[in-house]
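Structures given as structure tokens follow.
The same subunit A turns up in both complexes below, where it pairs with subunit B and then with subunit C.
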Partner chain A sequence: MSGLNALWQAILVLVGGGAIGFLYKGLDRKLAARLQGRIGPPLRQPVLDVVKLLLKENVVPRTAVPWLFQAAPFLAFVAAVTALLYLPVGSLSPVLHSYGDLVLLLYLLAIPALAMAVGGFASGSPYAVVGAQREIVMMMSYEFPLAIAAVGIAWRLSTLGIGPSFSLATIAANPLWGLVGPLGWIGLFLLFVALLVVTPAELSKIPFDIPEAETEIAGGLLVEYSGVNLALFYLADVIKTLVIAGLVVALFIPYGIAAPLGIAGIGGKILDILFFLVKLFAVIFVAVTVIRVAFARLKVDQVAKLYLLPTTLISLAGLLLLVLDKVVMGG
Partner chain B sequence: MRIGSGEGFWSPIVWAILALGVLAIGFAIWLQGRRTYKRGTEQEEPFLSGERLPEGAGVGATHLYWGFAEALKPLLMRLGAFHSGFLGDYVGWLLVLLVISILVVMLG
Partner chain C sequence: MKEVRLEPEEMSEKKLEKTCPTCFEVPIGPIHPALKEGIRFTFWVEGEKIKKVDIRPGFMHRGIEFMGTKRNLVQLIYLAERICGICSVSHPLALVQAVEEAAGIEVPPRAQYIRVIIGELERIHSHLLWAGVAAHELGFDTLLHYVWKVREPVLDLLEDITGNRIDYAIPIYGGVRRDIPPEKYPKLKDALRYYRSLVDDFVNFFLRDPSIEARTRDVGILTREEADVLCAVGPTARASGLRKDVRQDWPYFTYPDLEVKALTPEDMGLEVRGDVYDRIVVRLLEVVQSIQIIERCLEEMPEGEITSVPKVAALLAQLKKAEGEGIGRHEAPRGEVIHYIRLEADKEAPVVWKVKAPTYSNFMPWFPMFEDQEIADIPIVAASIDPCICCMERVYLVRGEREEVVWKEELLRLSREKTKRVASRLARHAPWGRKG
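Take a look at the complex of A and B:
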């Protein structure tokens, strides 16, 4: 792949990703409102929110460590946006498929939450520090089941002689559902459930929005952020939502629609991209919109318990079933 | 340069170049925003629901572990019972876990 070609692809993915991210954010808010019997904001509201934030004052509190407080939004933004280029889109390999794998993507996904926590600690506000501490507790609770789900799939692929097994292009091109036996199928389903449960926490959405908890700690780790710094965190959240949904799709539902319909060429690729966007929306709707409407906010110990016990056990059971599947099916 | 382990790989240089490009985009957005505020006024005070933040006040780092401790209280209580205070017991646990780990690695 030539450098110029990669650059064009990267620009296309970043611009397209940004536009789709805003659209899905708007849809999420609209549908959540409809589920609650409200009319909801217009679809363009997320864009208007960012424009409004650009017009607001960008205050740095007296108690803050200024450079760290200002750097945190940039760190979140850079990590979320760069992660987009390591994701497969439809039947297309990731733009940087040769330069980063699933482990890199998991690290990049962790950085925005860490950056928010760092920004919260750096602000010196008690509310922000409480929110940042909650974010760290939540991360330490859900990262283990997330890692098990990702590593389990890569490990099973490697046992089948398919590699490089941590490459997202490889994972997306070789859906495990058709390669494993019944035990592996159940194991994969459990890992899928675990990842869906982790998704809203990765995005700090209700019922896992304890780091922000507006009604309790007034926005928590973001309480001191305003103006363009808050806008950068907002943009990072828009993109990260796409990335985590894209990861779920790549790991568990990477199927295209063009091949079964017998459509090849550029038309097939476009159809696969459209189908990929539908799958992204379905994941966001199920794991974010419906969940945040259906549940009330959990307490920090309830979140820790949920991820450290049942979710971890579900993911470990999924991994164990994949191991047993390897023993039974061989290879 | 690409760092690989056989199954996993990444290129720090490509990511760094990409990160610089995205940082430039972020900075361009940042420049579009309003960067001024009224320095040295009440605006700089951290929000505390209308209260003034006493000098030196803060949230202790030990609070970080409250969520964990509360969530895992039943487990921690049981684990606490194993703490006999005898060094021999701790070395025994270490040996048992080492043997289990070695067995897992060998069988795997």
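Take a look at the complex of A and C:
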């Protein structure tokens, strides 16, 4: 019975998530265009793009390793979609909350990037190989701050005796901001900043779109992909954007508005979901849209320096402050 | 001085395989998003570092010089205008100078001022276009859209003055085809004031932006010596600290009176490094310089005729009688453009027409610029000389399948052989050769 229930929920989340993902992608493109002084494409443009790609021929280059080349986009898509099911929506628990936790989500988030790198290496194009190398270097740079931010929060929760602390549902239900002292507050803020900086890198958006870098390596990882395969990568990107933003919201701004307003029941749940969508949009707008119109593309060594040093240091400082806070507050 | 080596064996792939077994080949072009025109770069890279580069032009050859010898001289102006869409007044300006020298045609002073004004307006729009392209190559599309938006007023102004946004059809032998009437001066001055007010923004957006500085500082360095030896021209040479400008060194039109100076980054109080950043600095300085030149021209422009031979039929008749050769040089936005022309009496078309576009000179400096750069630097370094491949192309193989590269020694040998052949033929056939 609960299995069937979970299935229905999963379908609802996937369809809803897909629709919201397309909407936000369209909004991102439209708003970026407005910020650049352009008119921009219509909101439904991402949908049109995917439909067109699905109708196009799927070309596998002669130099590629066919099965690996074909498997990579599928893997990326499945991983992104699965990650969506681990996301708490508003005050609702994640669909798969009993089957995994934050650590699994971090791994699922790493898979689309890895799949793209594998697909790039398998496509046999020098551009894609360069792109894949860059993707791997990028991952080594941004995964560490991301992990620190996630683990830091979960650890602090566990020291407060709230559990299971690695469950995203628990983290979302117990905002840390109110539970820690001033030191922990600063620490949390630093982690929040680190995660916001990591977000565009995780999504390969300017200034961190170096694995694709249109003017340098002509689309890099994706250069040989076409048709359905490219559409799958596109969909994976759309969903992954939602998941990353959702992770930021769940970790740092999980507040609902239904409880403070005193609205209970179905109405409150719907209100919370809507508020959650607004928060998602705010994170995407700040961390993706604004940043990608405000910067030039960086070089891969500059990204590694920017991440391995400052962002890692910021997140480590945040973690240290959380530890100090535990010592001061006595946990 | 770093030795500039371009020997055949240096470029050979076999030698590279020995010294760098992990290198692999990355072809950029002839079709690639970083390139606006077809040219093929072959990079041998190790990781992200460029170890060697080979550049092969020849995809965009249009045979314009040949076409020119099938047209009369007035038609030739309009063909010259279409050599380059951006330097669309620079080529005609160089051509009319060459023909005027060959045919001995005088140009009234007012026409010379108008030529200078149009030439400098073109420099403003060309440099703005370049700035947008450079921003795009860096992945900074916001700046591209901004710069191209503020480029529109100068195009509108040019349309207002000449009737066209791009190919102005203004120069003619002996003067210009359209006057700039005094009632248009306020519009011109307004546009100049507008661009003056934008200069601070440009400095902020391009020179003080940390992400642009990170991508352009110490990237694509061309030292002063290399620029000198490889004959770089235009902003590319000046950004390396070489004070080289046709308007300063061989002044023409009214430039001698305007006392134009070649600008280098030193004029902005910066140390010359010869990198891409310096090329941005120089182009920015030149936009300001062009504004000043046009303002002075508007003040000093005398009244009078705009052409010495107003009737085209009379002009053609005069040109048909002309015999001789001429060279015209003009400082185009991208650097020096040279036109050589040879006229013979009773022939409407030129016998020889030779065009040298600035990119032809700025081509070789690419090699030292690319040395030890990263793959990510390729687009901006390639764009930093503001290349115009179509204008530069001279040869393309149309018959036969064998392609080969002819090196300097071979060229020297071939030309010496030809000299010998010509000399021996002259010795046999020429009247002074038959004596013995």
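The working rule: the second predicted complex is superposed on the first by the 330 of 331 C-alpha atoms of A that agree within 3 Å, B and C clash if a C-alpha of one lies under 4 Å from a C-alpha of the other, contacts with A are read in each partner's own complex, and residues count from 1 in each chain.
Please note the rule applied: contacts are C-beta pairs under 8 Å (C-beta built on N, C-alpha and C of every residue); 3 or more make two chains touch, one makes a residue touch a chain.
Owing to the predicted nature of the structure, the values given are computational and were not obtained by experimental measurement.
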Return first, second, both or neither, reflecting whether A:133 touches subunit B, subunit C, both chains, or no partner chain. both
- [ ] Mind working out whether A:218 is in touch with subunit B, subunit C, both or neither, as first, second, both or neither?
- [x] both
| said: Once chain A of both complexes is superposed, is A:166 in touch with subunit B (first), subunit C (second), both, or neither? | reply: first
Which partner does A:34 contact after superposing on A: first (subunit B), second (subunit C), both, neither?
neither
Touching A:52 in the superposition: subunit B (first), subunit C (second), both, neither? neither
Larger residue footprint on subunit A, choosing between subunit B and subunit C, goes to B
_So in the superposed three-chain picture, is A:74 touching just subunit B, just subunit C, both, or none of them (first/second/both/neither)?_
first
| A:293 contacts which: subunit B (first), subunit C (second), both, neither? | second
Query: Which holds for A:301: it touches subunit B only (first), subunit C only (second), both, or neither?
result: both
>> Let me test your reading of the model: by the given contact rule, A:207 touches which partner, first (subunit B), second (subunit C), both or neither?
In response: second
Check: subunit A residues flagged as touching subunit B and also subunit C 126-127, 129-130, 133-134, 218, 300-302
Seen from subunit A, its contact residues with subunit C in the complex are 35-38, 126-127, 129-130, 133-134, 206-207, 209-210, 213-219, 293-302
The answer for subunit C against subunit A in the complex is residues 24-27, 32-34, 45, 47-48, 135-143, 145-146, 149, 209, 211-212, 214-215, 374-379
Residue set of subunit A touching subunit B in the complex reads 10, 14, 53-63, 73-74, 77-78, 81-82, 85, 96, 98-104, 123-130, 133-134, 136-138, 140-141, 154, 158, 163-167, 218, 223-224, 227-229, 231-232, 235, 300-305, 308-309
Residue positions on subunit B within touch of subunit A in the complex are 2, 4, 6-11, 14-15, 18-19, 22-23, 25-27, 29-30, 32-38, 43-49, 53, 57-59, 63-68, 70-72
